[in-house]
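For reference, the structure is listed below as structure tokens.
In this document, chain identifiers A, B, C, D and E correspond to the written order of the chains, with residue numbering beginning at 1 in each.
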Amino acid sequence: DDASDEGLRTIKIGAIFDLTGATSDVGVDYADGVRGYVEWVNAQGGIAGHTIDLFYQDYAYQVDRAEQLYSQFVQEGAVVFMGWGTGDTEALRLRITEDQIPFSSASLSHVLGDAVESPYNFLVATTYSDQFKIVLRWISEDYQARGGTGAPQVALMHNASPFGMSPWVYGGEAYAAEIGVVVTRYEMSRGATDFTAEFTRIRQAGAEYVVFQNTSAPVSVAIRSARSLGIDATFVCLNWCANALLMRLVGEDAEGLVGAMPYAPLTADVPGVQPLRDYLEERGESYTERTNAYTQGWYTFSIFAEGLRRVIDAGQDLTGHNIKIALESIRDLDMAGVTIPITFTATDHRGSKGLRLFQVENGTWTPLTDFLTAP
Amino acid sequence: MSEPDALPGLHIDRVSLRFGGVAALTDVSFNIQAGELLALIGPNGAGKTSVLNCISGLYRPQEGSIRLVSEGVEHDLTDLAPHNIAQLGVARTFQNIELFKHMTVLDNLMLGRHVHMRGGVLSSGIFLGRQRREEIAHRREVENVIDFLNLESIRRATVGNLPYGKQKLVELGRALALDPAVLLLDEPMAGMNSEEKESMARFILDVHEQSDTTPVVIDHDMDVIMDISDRVVVLDFGRVLAEGTPEEIKMNKLVIDAYLGEETIRVGSGV
Amino acid sequence: MDTFLQLTVSGLSTGMIYALAAVGFVVIYKASDVINFAQGDLLLFGTYLIFFSIVQLNLPWTVGIMLTLLIAVAMGLLIERVVLRPLIGEPIISMIMVTIGLSSVLRALANALWGPQPRTFPSFLPDGVISIGTAVVGFDRVLAIPLGLALLVLLGFFFRRTRDGIAMRAIADDQQAALSMGISIPRVFAIAWAIAAVTAAIGGMMLGNIVGVSQSVAAIGLRVFPVVILGGLDSIGGAVLGGVIIGLLEVYTGGYIGHGLNLIVPYFVLIIMLMVRPYGLFGKPIIERV
Amino acid sequence: MTMECGVFHTTYTSDIALRRVPAERLRLGLFVIVVIAFPFLASPYWLNLANQIAIATVGAIGLNILVGYTGQISLGQGAFMAVGAYTAGLLTLNFGLPWGPSIVFACLVTSAIGTFFGMPSLRLKGLYLAIATLAAQEIIEWVITHWTGVTGGTEALVVPAPQLFGVRMNTDFRFYWLVVILASATALFTANLFRSRIGRAFLAVRDQDVAASVIGVNVFRYKLLAFATSSFFVGLAGALIAYYRNIVSWERFTLETSLFYLAMIIVGGLGSIRGSFFGAALITLLPALITNAGRMLQDSAPAIASQLPNIQQASFGLIIILFLVFEPKGLSKLWQNVKDYFYVWPFAYRRGEGRH
Amino acid sequence: MSVLLEFNNVEVRYDDVILVLRGLSLQVQEGQIAALLGSNGAGKTTALKATSGLLDIEDGKVTDGTIHFAGKEIQGQSADRIVRDGIFQVVEGRHVFEHLTVHENLVAGAYTRRDRSSIARDMDRVYDYFPLLADRQKQWAGYLSGGEQQMLAVGRALMARPRMLLLDEPSLGLAPVLVRGIFDIIKRINEEEGTTILLVEQNARLALSISDYAYVMEGGRVVLEGTSKEMVENEDVREFYLGLGEVGRRSYRDVKHYRRRKRWLS
């Protein structure tokens, strides 16, 4: 009858967001991106005629809460789950394998892309270590282009967490040695009001490039410390600080910053961001306020939507296993310039291996390079 | 620890104690012989409580020594920690009542048995066999104290809510539960009416007469002190002013001037 | 040598910022023997309130600062009235725990009012840096030094000489006896919380200028905990000295050793120092007279 | 005709029993039945919550030993749990030790480390000593994230599910039995502890340490012992989390965790085992309940639903405040009031002397 | 003479259940010294706290009856209001502010006063009465001996210059010479300044020697009252409070054992 037909035609998706916790500065935009996409796609008639029912909750970056919400949503029938941080994604990794729930997260740690270790985790953006490698290669080229001799000196300033360490431990260290870039690590402690100590050492070491793996707020404090000390180096932000927020926070000091962006900012001149801008404008919001976390949330879900569509089109049941297989069949999915085309295989769940460097010019992120792929 | 060359009891030898500029005790020496009932009196701030604190190890005198001779062994208390001194059989009460306020009377008294009990964490947590038997055996001892002090009706009352006088009794009970060789009482009669003083005095005398405990009493109530004590030591400005039987002390001019006052002696026939 | 000078200068300024954040702790402790876990959130409100006045209400600076201080006082009074007053006479641990609860509520409130996104406001302190030999330090950070010292003098006078200052310390010692003197505990607590909120607002304004308007300001509250312990929980002078010592320690460890050790080295030093002086540098000892 | 008008005990054994009256034993019996029946009736979601509560109960009892019974505020709960979790995880992972011995080891190691951080109690008191536990939190966290060779640094450990009689305890249903038994054992052990010598000495040290020392309690030793005993159970909770979640990541054991546990024992009742359970249950269930309430409102009152995250956070604080303001002795006191009411029911007077 | 303080059938409970005062009624005339005697736990301290508003902090409440001060109902009012109205209580058991100096303790005593100039004069008067305190002005009160703290507690009361003074065992722990001294001081305050005094004191002989009127409390109510002269003559008072039998004072050594009641566990 009608009701059961209706029931069949909704797809339940679970999601946890960080709206109040430690990473809420970017978590909110990501969440809004996901919710935006769901609303948008439902308004378009859903995925192959199925509407999406998104169960979501703030988990305040607390692992226990994430676990609770996960089991609640799955019990209520969620077939796909959108995670967020490294801690919760790790904590749920084995559970989702047993429950066969395809899982995405904004944590781009390398292990999560290993389809053997974590068969149900899908990485829809470039891993931190791939990002770092791309940046290192660019640095080495840039350095030579500027006429530098010898090995370029790079300082990696990172959050003291798995997220912060990830670029380094999963290949970054080895790759730096391989291409002859000298990288020194500096931890950024929580709640610091000042990074003079670190930059004093960076200056002594004579680093020409400083790479940040942290969120925008602490990076902005660091950049100010650096500017007041007059540090003369190129600053490069990886994913979670390369955004509009950072620009707002540091103001004029942002000029010249380089950002490694797996997902294009909403201000970028690529066709893929147009639907997002339209959607936001329709709701009376200005897209310039939004960070690329919004794009990332939106498109992360869109890729899973592609997987769902393929299962439905093949007339199969919407089980986690089927969705996983469908996702693994995605090859070179065109992302309209937002990211490089996405590919998953049965052995490799790192969907994207490329990113684009942007640079702040006159207060806007402007493309510095075309898409670069990981070595 | 060594073979004693002194009589059983407590020997306070040339003890001096200073706090910054304040000389609380200067060259104080006196003996407490096992079996006597000694009273320690003196004006406010004379250093009586300080002497007790030195004996029980709460204060460490800069000079002098305190030795305890009991059961044929001599212990130097001067450098021992308070809990070690308690283990040697020195118990006390406090001027300002220092009970475990949130616990019941029973638990306070059971704590008095602490040094005599052996249970460790593991056996306590499992609470079978030996531990249970130990608990019951000591409970029996404590019930004797409760019986002696007439505390049955308040056995399970929380100590903090008891009236002052009852708290004083519980504190005495806790000290008695230790089964001490020396019992130091700091102003046990303070704040009591005459009826209660009578029973408190009686309890002290009973302890003195019926057990091997040597009581030392500080108090400002001269009627009680002069009635019950065998010997009196008077402190003034941190020094021993006089020592003797109650009769001698009552007549001592120095003591009258410094402490008793003329009136007390004249009207001394009242409580 | 240049490095050392630079580190010292930064350490001093950071230390004074800590001291600014710390005096609020001391005031509350002096009045009630309570560590206020919500102090960081009061700082946070200081930051957001100045943002609110300047950016959202578009007020001129002077008016904005006045308004911020005014709202801070009101908040202090409200907190006292609603949360602390019912706990008068309860054990210390209850009062401490209630500040943990308060912290959570305030954080949620700030989030509801201003959202989690970090914000900025036009810097109201002159930009630019001051050079001391080869070392440089941002002007906004240097300002913490006179501010901190001014608070030290003012509060020092308040606690030693004024009736309410003495009453505050009396309450911390013995609430019942204080009541019997006719001291109104609610009134004095209210004063204490108002002062704490005001110092927090001042600190918060500074921090907003230095690190931006975001939830991370609250985290500074926790970093300040060792500062007050080192100085002695109830000593304003101790807070200032403690702040400077911890600030220097952090920056020296960060500058010479690194590895994130700057977060924990202060704790080691702190505990070693406490073993020598159990009540911090200038804290009052517990009096155990029996 | 004579009538007994109260419960009298004629032997010391019955007088020191944990459950002294028939009603108490009846209630215990009912509780046991509910606990046994529960997993057969509950959905996995509720089982998951139940397991979390059981583990949190162990941790809360551990914390209560230190805070509630010995009067020492601890901000290091999270870190001590981490020690338990990592020790258990590493022993199983690197040495293939079965879960049983490695849990015991984990408890002992945590106990030792807890004792180490309790050492400053030789000199420090009150809030000054609390800093030692905060230092423990920061230092242990640092060590875990930086001692990469041993702990894997910031990466999470993957711990295999424990085996019991050849059965893998990898479902909520199976794990339930393990945690419930261990939680009960913890509760029983602690209850026993506090009706005997050691526990009384803990309480004495809390109430009046000078008086404790003059009746022969070695105050320093007992403070250390309290740290040791407390961290033993805290370590147990940590180890259980390792085996239950199979993934050990330091992010689960931050200062925030410490504050959560403090909230549990405050809301439940300081110095009460029953309170530890109540508090663990309430603080674990609260976010779940609010989530569910919020999701019901999602369509009818979207404005409220959108503030849900803030409501969550505020409610955690509010519940602490409300309890402290209206019932500072926590849920265990509320429970006591209910019992007192029914104790002599239908007569409306209450027992003269309360037990605490 | 008018009635300054009046208890009318006052009932006080702690924690909502523990009934301590059970219909206490008494009156204190303006300018009088009234003594309140009674055994431990009779509720004397509770009565004083009910007057001065200190019950609140201990979870106690006046649940019935009225307390009038100078014609005004004061039960349930906050302590600071009551102090400002002119009632000052010296609490039992020397509650001095440990971390305040002796001097600051005295300043705190004058908290409600505005007349700065005479505060200094009163301070000198206190030091005059208690020279021991004068030597310790700058020292933390927590380090004083028990008796010295008691002097400070009384000294603080003198600083407040109240209309009515409630004294809870002022002689507690004082040396005999000082006990006499402190009662002289009480008498002088009463006579020279006209301060009305309600005195709770276990030393009944001294209390009766300076008071005009006396009440005996038992179990939360008054069981006996009369002028102090009458009371000294009263058989029961002589027996239980003055320790005088028909044959005069007996030695504490001769007091009989109190026989113990049958004991029950629980």
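Criterion: contacts are C-beta pairs under 8 Å (C-beta built on N, C-alpha and C of every residue); 3 or more make two chains touch, one makes a residue touch a chain.
Predicted model, so just to flag it, every value in this text is computed and none were measured.
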| item | value |
| --- | --- |
| Both-way neighbours, i.e. chains that touch chain B and touch chain A | C, D |
| Farthest chain relative to chain B (centres taken as mean CA coordinates) | A |
| Most remote chain, CA-based centroid, reference being chain E | A |
| Whole-Å gap separating chain A and chain E, where each centre is the average of the chain's CA atoms | 74 |
| Centre distance in Å when chain B and chain E are each reduced to the mean of their C-alpha atoms | 28 |
| Between chain D and chain A, distance of the C-alpha-averaged centres to the nearest whole Å | 37 |
| Distance from chain C to chain B - Cα centre to Cα centre, in angstrom | 47 |
| Per-residue overlap in chain C, given as positions that touch at least 2 other chains | 107-108, 111, 222, 259-260, 263, 288-290 |
| Junction residues of chain A - those touching two or more other chains | 19-20, 160 |
| Junction residues of chain D, two or more chains touched | 12, 15, 145, 210-211, 309-310, 312-313 |
| Chain A residues touching chain D - in the complex, by the definition given at the top | 19-20, 55, 57-58, 60, 62-65, 67-69, 71-72, 75, 85-87, 90-91, 93-94, 98, 111, 160-165, 169 |
| Touching residues (chain side chain C, partner chain E) in the complex | 88-89, 163, 166-167, 169-170, 172-185, 187, 284, 287, 289 |
| Sites on chain A touched by chain C in the complex | 19-20, 24-25, 27-28, 160, 186-187, 189-191, 193-198, 200-201, 204, 216-218, 220-221, 224, 228-230, 245, 248-249, 251 |
| Partner chain C, residues of chain B touching it in the complex | 49, 53, 58, 94-96, 98 |
| In the complex with chain C, residue positions of chain E that touch it | 52-54, 56-59, 78-80, 82-84, 88-91, 95-100, 104, 107-109, 111-112, 140, 142-144, 156, 160 |
